[in-house]
Each structure stands twice: as C-alpha cells, then as structure tokens.
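Shared between the two complexes below is chain A, which pairs with chain B and chain C, respectively.
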Partner chain A sequence: MSAPTLRIADLGLGFRTWAGPVEVLHGISLHINKGERVALVGESGSGKSVTARIVLGLLQELRSARISGTVEFEGRDLDRLSARERHALRGTRMSMIFQDPTSSLNPVYRIAPQFHEVLKRADPAISEAAARDRAAALLSAVAIPEPERALDSYSFQLSGGMNQRVMIAMALANEPALLIADEPGTALDVTVQAQTLALMRDMVEEHHTSVLFISHNLGVVREFADRVYVIYKGRIVEHATAEGLFADPRHPYTRALLSAVPRITGGGIPEIEDVSEDYYQPLVVHEGCGEPEGVA
Partner chain B sequence: MKRAAYILVRNPLSLTGVILITLVVFGALFADFIAPFPEHRGAVVDFANFNKPPEWPYLFGTDLVGRDLFSRILYAYRISLLLGAVVLAIAVPVGVTIGLVAGYIGGWTEYVLMRITDVFLSIPPLVLAMSMMGLLEPTLTNGMLAVTAMWWPWYTRLVYNLTRSEKEEGYVLAAEVIGASRTHIIFREILPNCVPSIVTKMTLDLGFVILIASSLSFLGLGVQPPTPDLGSMVADGAKYLPDSWWLTVFPGLAILVAVFGFNLLGDALRDILGVDQ
Partner chain C sequence: MPPVVRLLAKRLGTSLIVLVGVSMLIFTIARVIPGDPARIALGPNATAEQVEALRERLHLDEALPIQYGYFLRDLSRGDLGISLYTNRPVTADIAQFLPATLELIVVAGLMMILIGLPLGVIAARYRGSWADHAVRIFTLLGVSAPSFVWAVILMLIFAFYLPLFPIAGRIADSYAIASVTGFLTIDTLIAGNLAAFGNAAWHIVLPAFALSLSGIGQAARLTRSNMVETYDKPFIEMARSYGFPERRIARRFAFRPSLIPSLTIIGLDFAAMLGNAFLVEAVFAWPGLSRYGVAVILRKDLNAIVGTVLIISAMFLLVNIIVDLLIAFINPRIRYSQRAS
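== the complex of A and B ==
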C-alpha cells in the first residue's frame, strides 16, 4: 500500500507565552488515505484548527510554537522540508477552505484576478486570458451559472453560497492532493450549506482528493466523512468509521457530543456536563481503524 | 460615479468644499492668466499705489510697497499647494509602508517601528518643525523637509491600526494558505483595502499642511520674501492693524478658504469612499 496522503503521528504542540508554556495538543495521531474524507470533530479550542495550520506549515514559522511528533505529507516528513519546500506545497499540493467564504475573498479585486493568482501558484507563467478560461471552466464545474459574470464580480456582489462555490473551485483549481476544510459553510444558512457540501463531495470524489474535514457539526460529518476522529482538549478520544461512530459511540465524550445536538423533533435543549472526568478516558479505537505502522 | 455625484449634490457642505478647492487650485494653476499684476509676485515696488484699500483694480488692496494683494495671494496658493503635495508625496509612502510592515509582521519589528513612531508623535509638531527650521536654512525645500518629518508618523499609526484589523480578515489567511509571499500580502492584499482611508486623510491633511506651513512662515521660518506666502503676508500686515486691515484679513481669509475647503472635501470623500472614522 502506498503512503497515506497525510499521516500525523504523536503530534504535540505548545506555545510559549508570558504566563509560561501552554500545551495545546497532547500527541495526536491521525492519517488520511488517498481519496479518503476524514473528519476531525471537537468543540471550540480542542485543537482542530491548529492541527490544520500545522499541516499547512503555517505554525512552524511562528517562533513561540513548540511542535513535536511527525507530520508526513505524501510520505515526506514536513519537519525535514525547508520552509521553502513547505511553501511550495501550499496552494499546489494542499489547499484549504474556510468558514466564511465572503471574507476569504479580497473585496477590492474582482474574482478573475484572484483566480489568476491562485492558478499562478501552479503555473507561474499562465497568462491572464488562459487563467480566465480555466477559471470559467472551473466555475461551471461547481455549478455557477454565468461564470463569466461571476468572474467580473466582486465578492460582495455574490451571495454567500456563490462565494463558497468560488472558494471550492479555487481550492481545487490546482488539483491538490489534500484539501483541508475548516468548518466550511458554518457562516452560511443550512440549505446553502447542504448544497455546497453535496457539491464539495462530488468534486473531491471526481478529483480523488483527500479531505481533512474540520467541524463541530455532527450531522454534516455523518453525511460527508468516511472516518471520524473525535478530539477533546488536544487528545484524540475516539477513532471510528462514520457509521460506526454514530451507531455505536463508545467514548463518554463522544456520547455527550452526540446528545448535545438539539433534535429537530423537539425535546428541549439537551443538558450535558461541561466538564467531566470521564472525558479524559483513554482513546477508543473501533475495529479496523488503527493507525498505519510507522512507515517513515 | 453616480453615487459620488449624488452625495455631493445632496450635501451642500460637500459641494461647497468641492467648489472652494476647485477655485483655489484653478487660481493657483492659472495665476499667470488670472492675476491682474503677475509681476507683483516678485520684488517689485510701486510707491505710487502703496497701502491702498480694496478698490479697482486692486481687488484686495495693495501692500506696503504697492503690490497687488490679490495677485500675490494667487501665487502664494501655488507655493502652499506645491508644499502640501510634496510633503504628502513623501510622508504618505514612508508612513504607509512603515505602518503596513509593523502591522503585518508584528513581533520585534512592530515594537521597534511603532516606538520610533511614538517618539515622533510625542514631540509637538510645530516645535519639531520650528527647531528643524532653526537648525537649517529657512528655505522652501527645508520647510517641506521639516513638515514631512512631522507628518509621516500619523500615516504610520493610521495604517498600522488598519493593518492590524485587516490582518484578521479571511482573505489574508486565505492568501497565506495558498502560499502568497509577505510582500504580496502586504502590498497587494492589505494595502488596497487601506486606500480609502489613506486618500481621505490625505485630503484632510492638505489643509493642515497648508496651515502648518503658514504658521511656520508667519513665524519667519518658512518661505522667505520676496516669494509670496500667506503666513508671512499675515505676519507683515499684523503690524498695521487695524488701519490697514486688508493686509491681514485677505491673506488670512485665503488660508481659511483653503483649509476649510480641504476639510469639507475630505469629509465628502469619506462619505463617498465609505470610510468609517
């Protein structure tokens, strides 16, 4: 079997602050195989987004960050790469989609030049006209009607759903091996969110892109992900297939998380304990979901 | 453009600003054609007509050596506008670049740059300019230099604060993620979003630069005679108040018109560009 697209082993992260060191990640391990969609689920501050930033190589440049463990991307250890080589991966081999699509686009430029910048990452010599043609094709692939008009619009002239499609098209423009989606569409209303998720699923299936899906929305995770890691306070607490996790949540924190979702059938806002000793119970790994043995 | 025109027409103050500044700039540019006595800009004496109150053809009266005040004011505007333009042309790029770099890069760079800026901001502007002019020769060039030295920190502060907030915007993170360089992010992503605020401040500042430059020459530290300058004209005339009132009042009003006009224009631009203050 070839190396997984992304393999994180025993990743630890701490920050040096004025008040002393703060540990954020306590040795987490996860992997994503080629073409697989993996969700990382947890509450705010559990370490989801910093994990994404480490994968992208953004935190490594921060001097106050202390990172231990290994992150391998397509079999290459990110630690052994220079800042330059990590930089070369961003925007070409890996890309990212954010919560709020509208603010992710610069309001002073039309869509077309921003697309041009993205395409230049993979092909620095691409001409404006060629970039425009390619962008139009990509936009129609994400079901944007009148892509030409969208290319000549500013982000604030498009709806949130349209912007999200533009972001998806941009993120996939350079055919990345890994797409990190940080709570995509949280800023959108639910119907639009459902549409864009379906679209994103189709797109990544078509391109065989691996996805690291970061979310706190369990409903979305269930529909979108193949496998799920549940993270609590910088520790992975449960690792299961999506069906496995929802059918048989085994860790106390996962159960609390699942019961915290308000039911559409009513019954009031569920009450769960904020903090419980049980949440710190050791990792539960479902059958057939182990980490690959160290192929360094 | 339509929106801009609408805002201008709807707000009489904005319209006044535009009209005043148009008149001032027009008068300065075409002084050679408008001024009844273009030669009076220099060292000319006409003792037959000295110290005359406003009467035809001397619209604003004449000064103590018989030069037409109206003509001199038009040429003085030329100097003032030139000075304002040059000061801003130097101070703005310097201040903006420092602000962008300090705001985006942060850490020690930010600390050092912003403390230097604070030092400049903590010296009263007129005192700084006066001491510089006292050390150097009082010429137009040195005047510009002195005013520039006190002006750039304001732009650093403005842009620094804007950058700090723009930095948190999603598009900056998105640019970082696709691997844009720092230079690209600073000048191509953040700077364009700061332009409306910068332009608005520049317009407001043109008025203030003229005011400061006039203050300097009022104190005898600015442009030297015989070059006409609004500040020194006021200073020269002040000795003859209240009898020869026109010597002071008209140059004073000229300063007021320019500063007031640029302020109103700045406010109008702020509305048009949608800058929150």
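== the complex of A and C ==
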C-alpha cells in the first residue's frame, strides 16, 4: 500500500509567551489516505486550525512556536525538507480554503490576475492569456455562469457563494494532493454553504483529492467526511468512521458535542457543561480505525 | 461617461466653487484690515491729493461688491492688477517667483513618496525588528518638529559644520542660465549645462529634505500601521497558504490596499508644504513665492496678496484632485461607487 497523503504522529505544539509556555497540542496523531475525506471536529480553540497551519508549514515560521512530532506528506517528513522545499509544496501539492471567501480574495485586484498568480505557482512561465483560458475553464467547472465576467470582477462585486466557488476553483487549480478546508463557508448562509459543500465534494471526488476538513458543524461533517477525528483541548478524543461516530458516539465529549446541535424540531438550546472531567477521558478508537505504523 | 471622467468633472466643478469662495474671502479680508494701502505705497511724504488719486485709481473709494466686480472683470482677462511693491503686473511677479517654490515643493514631494513609502513598507514587513525601530525613531523625529526647525538644524550640520551642501540660494552665481521654464533643474538641462544642473540639484537637497521630513514621517508611519493591519487580513493568509514569496506578498498583496490612506495624507502634506515652504525658504534664502508673499503682506499690497493666495489655493486644489484620481485608480471600490452615484 502506498504512503498515506498525510500522516501526523504525536504532533505537539507550544507557544512561548510572556506568561510562560502554553501547550496547544498534546501529541495528536491522524492520517489521511489518498482520495479520503477526513474531518477534524472540535470547538473553537481546540487546536483544529493550528494543525492545518502546521501541515501547510505556516506556523513553522513563527519564532515563538515550538513544534514536536512528525508530519509526513506523501511519505516525506516535512521536518527533513528544507524551508525552500516545504515552501514549494504550498499552493501546488497542497492548498487551503478559508472561512470567509469574500475577505480571502484581495479587494484591489480582479479575479483574473489573482488566478494567474495561483497558476504561476505550478507553472511559473504561464502567460496571462493561457492563465485566463484555464481559469475560465476551472470557473465553469464550479458552475459559475459567465466565467469571463467573473474573471473581470472584483471580489466585492460577486456574491459570497460566487466567491466561495472561485476559492474552490483556485484551490483545485493546480491539482493538489491535499486540500485543507478550514471551516469552509462558515461565513456564508446555510443554503449557500450546503450548495458549495456539495460542489466541493463532487470536485474532490473527481480529482481524487485528499481532504482535511476542519469544522465544528457536525451536520456538515456527517455529509462530507469518510472518517472523523474529534479533538478536545489539543487531544484527539475519538476516532471513527463518519457512520460509526454518529451511530455510536462513545466519548463523553463527542456525545456532548452531538447534543449541542440545536434541533430544527424545537426543544430550545441544549444545555451542556462547558468543562467536565469526563472530557479528558482517554482516546476512543472505533474498530478498523487505527493509525498506520510509522515508517521504520 | 467613464467614471473617471465623471469624477474629474465633479472635482473640477467643486474646485471652481471653492476658488470663488476663497477669492471673495481674501478680497474682503485684505480690504477690511486696518491700514491704507495707497498711503503705505506712496510713503509718508505724499500729499493728501496724491493719496486720494491713487485710491481712486485702485477703486478703493468704491463699495466692496463693486470693487470685487472690477476684480472679476480684470481676472477674466488674466489680469491680477499691478503690484504696488514691485510696480509690475502681479502675474509677472508670480510667474517669476512661483517656479522656484514649485520646484522646491515637487522635489520635497518626491522625497516624501520615494523615502516615506518604502520606509513604511520595510518597517511593516520586518515589524518588531531593529529596522522597524530605526524607522519609527527616525519618523517620530520627522513629525515631532516643524520643518523650519529642521531647516536650521540641517543647515548647521550639513552646510556649516560639515560643508557638504551649499548654505543658501538656488544655484552658484557663476552660472548664467537663461530662464525658460523657471525650474532651474529643467532650464540647466535645456541649456545642456550638466555642471550647472548638478549645482542646482545640489542646492535643492537640504531645503527640500527639511521641508519633506514631517511628510516622510507621516507617510512612513501611516503606511506602516496600515500595512501591519493589512497583514492580518484573510487574503494575506490565503496568499501565504498558496506559497507566494514574502517579497511578492509585501509588494503586491499588502502594499496596494494599504496605500490609499497614505496617498490621502501625502496629498494633504503636499498642500501643507505650500505654507511651510514660506519658513524654509526664509532660512535658506530661497528666492521663491514665500519671500514675495511675506513682503507684499507687510506692505498691504492688495493685488499681490489676492493673487498669491489665489495661486496657492489653486495649486492646493489641483494637488487634491490629482490625489483623488490616484486613489480612484488604486481603489476599485471608489471607482465603482462613482458610477452608482
């Protein structure tokens, strides 16, 4: 079997602050196989987003960050790569989609030149005209009507859903092996979010892209992910298939998280404890969901 | 109509209204302050009949609105009247003295842009580093003292103790340059006299730098704080996640959105320099409009005062229009909001 697209083993992260060191991640492990969609679920501040930024190599540039453990991307240990090699992966082999599509696009440039920049990451010699043709094709693939007009627009002239489609097209433009989606479309309204998520699922299926899907929205995770890791305060507390997790949540924190979703059928806002000793219970791994052995 | 043309037309229209207002204001103020311009011009030995004759010739015996009517009639013919101080048409005086001041201000403005903006960008990109601190101290010095103080300090250090720069004037007396544009740096090039050009450029460095220091400081500090803010925007994080080089992120992705407030300030500073230039010109014995302006105000030379103020106001408005157009060019939101309105 080939190496997983992403394998994180015992990843720890701490920050040096004025008040002393702060531990954010306490040794988390996860993996994503080729073409697999894996969700990392937890409340804000649980360490989801920093994990994504370590995979991209963004946090390594912060001097105050202390990172331990290993991150392997397509069988290569990111720590052993030079800064230049790590940098070369970004935007080409891995890319990222953010929460708010409209503010993630630069407001003073039209869409076309921003697309050109993205395509140049994979093919530095690509001409403006060639980039435009390719961008138009990519935009029609994400069901944008009149892609030419979208290319000549500024982000503030397009709707949030349009911008999200643009972001998806950009993220997949260079055929990355891994797509990191950090709460994609949280800033959009629910119906548009659902449309763009369905679109994103179709796109990654078609391109066999692996996805690290970061979210606090369990409903979305259920529809989107193959496997789920639940993270609480920098620790993975439960690891299961999406079906397994929703059919049989075993960790107290997972159960609290599931009951926290307000029901459309009423019953008011559920009351759950903010902090409980139970949430610190050890990792629960469902059958058939173990971590692969490390490369010897 | 293209939005930029519409913007230009709108700004020109409002500028014209402002100019009319300024002319009324300065026209009235110059006439209601005490002192008889005819008496000052003719001296203490003139007879009452002579003074009365001059007053009549200048229409000073008429009511203010009628005087203003005469002024507008002359202005429409490009005539600002005769200066009682130099006994020449005010327009000729302004044409002689304005280029020296404009030259000084343009060079100072260029320094503001070419030194201030890059300093701000460097400070923002390497924020927290020694380069950032150095820029912040330098720019704080620049904004914390008025330009005439810097003029004196720079002159003492770089012209007196270390004679690196000439102490005063526009050019050494040994060069005779025919005046074509009035801008010595251009006239010397037209004359093909490179040595004279070097000399003129050498003369302008210190006064222009003294004049631009506070502008450099403001532009750099504003650019820095705006860029630091822009660096926290999601689109910068996205640019990083796509692995664009840091240098490109600074120059392309972060700089342009941060430039808009800096440009506004540079425009205002540029205009403020018209006033500050009065004092810097005095320190460096720069033969510009300010020396003329001070002399005519002391002599209550009505036509010259009104002419000088009008020209300075017109330049102020012109600079602001240019800045507005630049901002519209850089910021698509403004460009498109013009179309909607």
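One rule holds for everything that comes next: the second predicted complex is superposed on the first by the 295 of 296 C-alpha atoms of A that agree within 3 Å, B and C clash if a C-alpha of one lies under 4 Å from a C-alpha of the other, contacts with A are read in each partner's own complex, and residues count from 1 in each chain.
Going forward, contacts are C-beta pairs under 8 Å (C-beta built on N, C-alpha and C of every residue); 3 or more make two chains touch, one makes a residue touch a chain.
The structure displayed is predicted, hence computed values, not measured ones.
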item: Chain C versus chain B on the shared chain A, clash or fit after superposition; value: clash
item: Touched partner set for A:96, first chain B, second chain C, both or neither; value: both
item: First (chain B), second (chain C), both or neither touched by A:197; value: neither
item: Touched partner set for A:104, first chain B, second chain C, both or neither; value: both
item: Touching partner for A:117 - first (chain B), second (chain C), both, neither; value: both
item: Which superposed partner A:156 touches (first chain B, second chain C, both, neither); value: second
item: Contacts of A:139 with chain B and chain C, given as first, second, both or neither; value: neither
item: Set intersection of chain A contacts, chain C complex versus chain B complex; value: 56, 58, 87-92, 95-96, 98-100, 103-109, 117-118, 121
item: For the chain A and chain C complex, residues of the former touching the latter; value: 56, 58, 87-92, 95-96, 98-100, 103-110, 117-118, 121, 154, 156-157
item: Chain C residues within the chain A interface of the complex; value: 233-235, 237-244, 253, 256-257, 330-333, 336
item: Footprint of chain B on chain A - complex, ascending; value: 56, 58, 63, 87-92, 95-96, 98-100, 102-109, 117-118, 121, 167, 170
item: Chain B - residues contacting chain A, complex; value: 107, 169-171, 173-180, 189, 192-193, 195
